[in-house]
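Naming follows writing order (A, B, C, D and E), and every chain is counted from residue 1.
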């Protein structure tokens, strides 16, 4: 089956990576790449596949991070269970925002900005109320054990996020080949035509936002467990939303491997430029400049590099 | 004679983004200390080994902070100095703890950083808990001396961990010195306009406004209260983000009479004054970040000197047992409890139209407080 | 006034036209026929400068305009009314017409506006309405009106009768004759071969990317082979 | 099959459709003609749920569907095409048609097979792998038709799908549409190409200024002075008469 | 609650909204034409503010006197930036314009950091603390001036877009580029002009903001999210919408700050935004689409 060649090869490489590059630095790098690939893919299945651009995906990310952390810190619920609860909460928030916005016919930039407004509202609320720790944030007590989703070694985190990344790519692959995915593409291209062909655009959009929200929220839980501290700005801030969109767009929106490629390159460029110079601001000048150069030469995202190499394969 | 291998010290500060200024100031202070130590012959117990700074930018993001820590670990770092923001310090110290690498917090207010039982983490400066205690003690004395001019206060604080934490503690303790808290007001970061806040403060008619905010909001708030001519006995802040020489220079009318509790150098110490001159000669400001980072490095170097080796266990032990007193802060000798120096103390300062003076503790004071301040009318 | 020699054009790697020769003389109506997808619109778009030809030359009123900028081409008076109308959906009918004289014919803007609305009274009724909400036929009228606003010297009409009611189609052909009578040269791309050959002086048939046949319109209309293939008779 | 009763659609002060009533019998090919801006497209939009009627009712296969959402109406078996074509521009022709085919099957291979069959039926088989954005206007019209057909409709509403075809191409597509009807699909079409209307439709409704002004067999209408005045014009009427005699 | 406080809060809110409008008008123009959010808007404002600051500090040019110069300079900067980078590198894809402006914002912000350090600067001019009594509230003069100026700016732009040929061409290009080329509009130039005008507005905005605000490399962030919100709320591309949206947001921020506290009060902006969009999905003054 040639369709399976790419994902299987990628998985093999990813599985072997920490066994070859064993330092914590290398593994941490891998974790970051996969982490961004997961949340980038979460954005991509809504923004790229279904054309529902959002500037506020942090709302799902933060929901996930806070959901499992509150359950864990306040109620003593194991974060592995919390992960599922987070995904459910993310799906719920996704469905809620989508239902509300799409019921009232929001589109394009209007939808993008309303998600941002929701993310801001969530940030301000978490900041204001007590049980989220308010502005103090939430600290997850150190209790190193795999059972506690606090692996003593980074490699444990690596394989966890790898599993999530694999799941996210599997979702994207499935969307490329399924009826649901075809309907999303139709909605992205032309909603009126989609409706004329019997697609319940409202329902499909709510479904994909729920799926995207769930995946993103799972990423949020992972983040909380990896860094053991969250606060409203870190998880609900506009920065996170932009990072997700950037990873996906730089890699190639609407493609299966775009977010992964984007995550890899942006993490690499981020680390690389920081290592390059210590002058204040210079590293980010280079980073931003590289961003522009990438877009200038690869207008469809980095994925084009691979297409050129292996011949154009259409979706 | 063969040169001893240099000892790498990782500086993990937010050099870009919202906290870039503070991060840059931290880095400058730390670098000055490293240069000074090297010029004086390095770590003598280790054959004159020089300190070598590894510079890192944590961008005020937890994930970047951890990356920087790991990257420096690869490069063979012996100790870290950082991180300015608590949100980064928490995961960064945790990452360093895997290797047991000493981590000296120069700035970073949260007490959680040192309370978590990580044996490699040390903080020389007092946490905000201690700062608030000092602020209360000092304010109590100043107020008493003024015949209890202040009987009521409104608290204004920024919304993140630093402001919220500080305000919570203050609200609990102000009544103990006879000051009633009329209201606690939280504001967002950034806030673009304080006109309404000023309005409400005027309506509440407090004697004091007690603030804890970051630099820009600090200045904006002070400016608005001044413009709106809100009459107060005084404006008092704890770790006031914008309270520095620049503020005095740029907005002298606004700054005049403002009182701040902050990390401050001992003004009677000649080395502190010399360093202040050096910094100002470069066109920079001698802000608290500079000397806190400077002293953090010095503290670390002292520990290494006593450990006589870069062995992490030994350095940690030496730091934990430190009694270092060669700083130029208004502190007593160092005494570490769970990584927190309990010998540290904050100072209370007041701005005049041209300068900043220490007004408390009296032992270090360079002038007497003007309190209550003159009324507008 | 228009001389096209050996024009080759297409999209990316696809070559649609390969060696097309066409002439339009001053005061002529020339019809271009060809089946669906043969490249008639491609020809127009290359004449108008929207795409750059792969090869060949285009001369207009003595000047070489091969690969020239659309701005310059419009400025010289070669104006296209495109297939699919391409009106400005977010502008009112009036504003659409005003923009017709953006580059040319600005001095006589008021007079030309009168003329267009006299020709299409329907547009006058819809003056303030956004073009997006016009019916298909109304949009077609607007597109032609917009083209007329720029006082073209050579007007290219790409399927102007598309979507017009039979009565309006007749009126449009009458209009084409009338405009031509006033001295305007017209290059007419049409699927309505019968009526366009009736209106035109000469005609070209494009097949497989090149001119397969050309001649007097009346001769073409009488050609039995063509009658079967293009006129459906 | 389709019954429209007293349907109106009002835009601002304009009655784009004004109390229009009509019926389309099962298994028929019915036509809708009328001058530009008469309200034909608007009527189609109101029937298929794209525009909410201000007055009147629409019944399809005996069920009142007034105000139902377009996707539900489509699922019930009534599909429209768009006069101003609405392709899924970045998708290939095959993928475009598959979207329609997916209405009745979740299976990818089955949908692909259906798409190919439909493409062959409307003469687009050679274009299956083209991106829809690169199609000519006429190509897009066919794509509209193909996509709609792929949903296996009972009633097909075609809005000027023959515009942009030359006479001989129209002659080619006429049997295709007849074939569709013969396969059991009722067809209701808007068309300005009288050649097609005359040879396809059994019954034609004439809309003018939003109102139905005439109805009947095309040949009868072609000679009806009201229709000639409002729609055909004398030239076209003569040509039609000529063609009928020839 | 005291009526005078309420009255004063209303005035504060409107004035605050006025300064938001300054930033939002240019954004709405760019947004309407390029269909993207100009992420570089904040950093261009920041650069303009540094320009005004240095003009005052190094050349003693009063900020208000600097308006004509700053408008021209920023127009040129915007026009040039579009021609050299955005237009050329985006390959006609809206999405890429978004990314390029994002990249630009990172670059510009850090160039400022590199050259000017992260320090924030404040200026004092003779009128910066001049207070005007306006009913129940004391208002700093610069705030009042900026309010008036923002009204003027919105009106001027609205007139320009509605009544001039260039304005019509800008709107035409926004929706139908192919058609625009065929009437002889130089589409690339119009895009660059639109971008230039959008950025030129920031030149004026900077002159009006500097007397009452601080200047720092990140100062743009302060206004930019709010400005996005305003642009969308008002209906993209509508100047009246931007103005009304800005006043509404200013008012909401002020009143919800008063009733909910300054921190939680920020939620008012998001909520009013969400609510209004739910009932008017294309913004207050947005046309169809």
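We take it that contacts are C-beta pairs under 8 Å (C-beta built on N, C-alpha and C of every residue); 3 or more make two chains touch, one makes a residue touch a chain.
All values reported here derive from a predicted model rather than from experimental measurement.
Undergrad: Which chains contact both chain B and chain D?
TA: Touching chain B as well as chain D, we find A.
Undergrad: Let me spell it out: compute each chain's centre from its C-alpha atoms, then which one is farthest from chain A's centre?
TA: The most remote chain is C.
Undergrad: Report the inter-chain centroid distance for chain D and chain E in whole angstrom, where each centroid is the mean of the CA atoms.
TA: 48
Undergrad: So what's the Cα centroid distance for chain A and chain E, whole Å?
TA: The computed centroid separation for chain A versus chain E comes out at 31 Å.
Undergrad: Per the centroid of Cα atoms for each chain, what is the distance between chain B and chain E, given in Å?
TA: Using C-alpha averages as centres, the distance is 36 Å.
Undergrad: Roughly how far is chain A from chain D, going centre to centre by Cα mean, in whole Å?
TA: A distance of 44 Å separates the two centres.
Undergrad: What are the residues of chain A that contact at least two other chains?
TA: Chain A, residues with two or more chain partners: 124, 127-128, 280-281, 283-284.
Undergrad: Two-or-more-chain contact residues of chain E, please, as numbers and ranges.
TA: Residues 110, 113, 117-118, 217, 263-264, 266, 289 of chain E touch two or more partner chains.
Undergrad: Give me the residue numbers in chain D that touch at least two other chains, ranges are fine.
TA: Nothing qualifies.
Undergrad: What chain-chain pairs meet the touch criterion?
TA: A-B, A-D, A-E, B-E, C-D, C-E
Undergrad: Of all residues in chain B, which touch chain E in the complex?
TA: Contacts found on chain B: 16-24, 159, 185-188, 190-197, 199-200, 203, 215-216, 219-220, 223, 226-229, 246, 250-251, 253, 285.
Undergrad: Which of the residues in chain A come into contact with chain B in the complex?
TA: Residues of chain A touching chain B: 23-25, 28-29, 32, 35, 124, 127-128, 134-137, 139, 141-142, 223, 226-229, 231, 233-234, 239, 270-271, 274-275, 278, 280-281, 283-284.
Undergrad: Which part of chain D faces chain C closely enough to touch in the complex?
TA: 11, 33-41, 83-84, 134, 136-139, 160, 163-171, 192, 194-195, 231-233, 235-236
Undergrad: Given the complex with chain A, which residues does chain E contribute to the contact?
TA: Touch residues, chain E against chain A: 31, 35, 37, 85, 88-91, 93, 95-96, 98-100, 102-107, 109-114, 117-118, 217, 225, 228-229, 232, 236, 263-264, 266-267, 269-271, 273-274, 277-279, 281-283, 289.
Undergrad: Given the complex with chain A, which residues does chain D contribute to the contact?
TA: Per the touch definition, chain D meets chain A at residues 48, 50, 69-72, 74-75, 79-82, 86-92, 95, 98-100, 102-103, 105-108, 111, 129, 147-148, 150-151.
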